[in-house]
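Next, two complexes with chain A in common: one pairs it with chain B, the other with chain C.
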Partner chain A sequence: MAFQILLNFFLAFLWMFLQVSINSKTFIIGYLIGLILIYGMRRFFKTELYVRRVFAIIYLTLLFFKELIMANIDVLKVILKPKLDIQPGIFALPTELKSDWEITLLANLITLTPGTLVIDVSDDQKILYVHAIDVPDVQDAINGIKESFEKAIMEVSR
Partner chain B sequence: MKTNDVILQTTSKVVFFIIILFAIHLFFAGHYHPGGGFVGGLMTSGAIVLLLLAFDIKTVAKGFPIDYKILIGVGLLFAIGTAAGSLIFNVPFFTHVFGDVYLPLFGETSLHTAMLFDLGVYLVVIGVTMTIIQTIGESE
Partner chain C sequence: MTVIVELVIILFLLFGVFLTLAAAFGVIRLPDVYTRNHAASKSATLGVMSILLACFLYFYLIEGHFSSRVLLGIAFIFITAPVGGHLISRAAYNAGVKLWDKSVRDDLKNKK
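Here is the complex of A and B:
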């Protein structure tokens, strides 16, 4: 992925120097031409085209904002309720993510969506301990996080 | 009881670069905008202190094999050298000169010898802060 982006930048710069006009407009045109060329050569690369991964990153960002707004509304409901009938609890969330930055990203996404909060990571980095403000059903919460965030992060790093 | 610091370490590794960039920006903004050598130096040592909090003293010392006491001396040399340089041209001590110099990539840039003095201040502040913190941290 990184190699393809570097190649695309290199092609864009090459286009700029060939056109002898060093400005951003020429760079963007060269970048698009390079993108078309890389798409044409996509079977010669060992890895897949990087465009899908860029879209996965954008999707992850949008998903995060959506979850942020939804979860904030949920917490607002909990706060404004006259009767306090929440069930706070700590549950273990098994994760399939491997590398450090994936774990960090997942933990930060869970923490930034209100109602849930990562308090610890196990030593072998297979389990995240999550504190939730209202968990009527633990399995539901685990599945929710797994379905949304973990899958989106997997899409990026796969 | 050893805790797993993976979130803190990964985050501080990323944030470190942002803080350093902001410190350099502050250092260069010092002439026309708020900022300067002192704040830039403090910000830079703040970034190193963040690494010290996330990792341990030995790891950071391996990462930056700098003797901070020498850094203080180098910074003071910069300051005194900038001040003494004016004596060569028969003008009073600490007279600064400035002018517009054409640099490639930057275009017309106004350069000022006060910036060299500021670089001295920057290095001294980093050296002093890090020496204090490391000395306190290493004493059992």
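Here is the complex of A and C:
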């Protein structure tokens, strides 16, 4: 992956020198042309294209913003309802993610979406303890997080 | 054109102000540290974000000044807000603050 990005930068600089115009516009055009060339030669690389990972990151960001807005509306409803009939609680969320930064990212995303807040991580890093403002159905909440965030993070990291 | 731009900016501002106000209500109304933390640390995030976004749009589209520092501000709020919320709750739990009476479950109690 690092090799592909380096190659892409090299092609962009090559284009800049061929055009004899050293500015950012030529660099961007060169970078795009290099990307097309690398895409055309993708079967000569041992690893897959880094572009897929970039798309995965963009998808994760969009998913996060969607969840952020939806969850904000949920919390607003709870706060502004005249009667306070919430059932807060702490539930255990088993996670399949392994490395430190994946778990950090998942915990940050869970905490940023309102209604759920990570309180602690178990010592073997397999369980996140999540405080939710309203948990009528725990299995639903766990499945929701697993389906959306965990899958998207796996797409980025594997 | 400017009318549409101003309308969008006003909408962002109103949305942000409304969210921040609701977060303040939540801090007063909700029963314990953990639920209050939900209101304080997160409804405020989106609220501050849309106010900053309105500020950015105003300076970019009306004054013609691209202020990248405002965008950086949004990014740093996204990095720091969850860490702050997490640490407050964790500190409260470790200090032995009880959950609200009507809380339905507490899996953290039997953590190994």
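Note that the second predicted complex is superposed on the first by the 158 of 158 C-alpha atoms of A that agree within 3 Å, B and C clash if a C-alpha of one lies under 4 Å from a C-alpha of the other, contacts with A are read in each partner's own complex, and residues count from 1 in each chain.
Just so we're on the same page, a residue touches a chain if its C-beta (ideal position, glycine included) is under 8 Å from a C-beta of that chain, and two chains touch if they have at least 3 such contacts.
Keep in mind that what you see is a predicted model, and the values were worked out from it rather than measured.
In the superposition on chain A, A:Gln125 contacts chain B only, with no contact to chain C. Annotation for chain A, partner touching more residues between chain B and chain C: C. In the superposition on chain A, A:Tyr39 makes contact with neither chain B nor chain C.
Touch criterion met: A:Asp100 reaches chain B, while chain C stays clear of it.
When both complexes are overlaid on chain A, the residue A:Phe55 reaches neither chain B nor chain C. Of the two partner chains, neither chain B nor chain C is touched by A:Phe3.
Once chain A of one complex is fitted onto chain A of the other, the partner contacts of A:Leu112 are limited to chain C, with no touch recorded for chain B.
In the superposed model, A:Val75 lies in contact with chain C only, and not with chain B. Of the two partner chains placed by the overlay, neither chain B nor chain C lies in contact with A:Phe17. Chain A uses residues 107-108, 118, 120, 122-123 to touch chain B in one structure and chain C in the other. Of all the residues in chain B, the ones that touch chain A in their complex are 2-4, 6-7, 9-11.
By the touch rule above, chain C contacts chain A in their complex via residues 19, 22-23, 25-26, 29-32, 34-35, 37-39, 41-43, 45-46, 78-79, 81-83, 85-86, 89-90, 93, 99-100, 102-108, 111-112.
By the touch criterion stated above, chain A contacts chain C in their complex at residues 68-69, 72, 75-76, 78-80, 84, 86-92, 107-109, 111-115, 117-120, 122-123, 127, 129, 131, 133, 135, 138.
Listed in rising order, the residues of chain A touching chain B in the complex are 100-101, 103-104, 107-108, 118, 120-123, 125.
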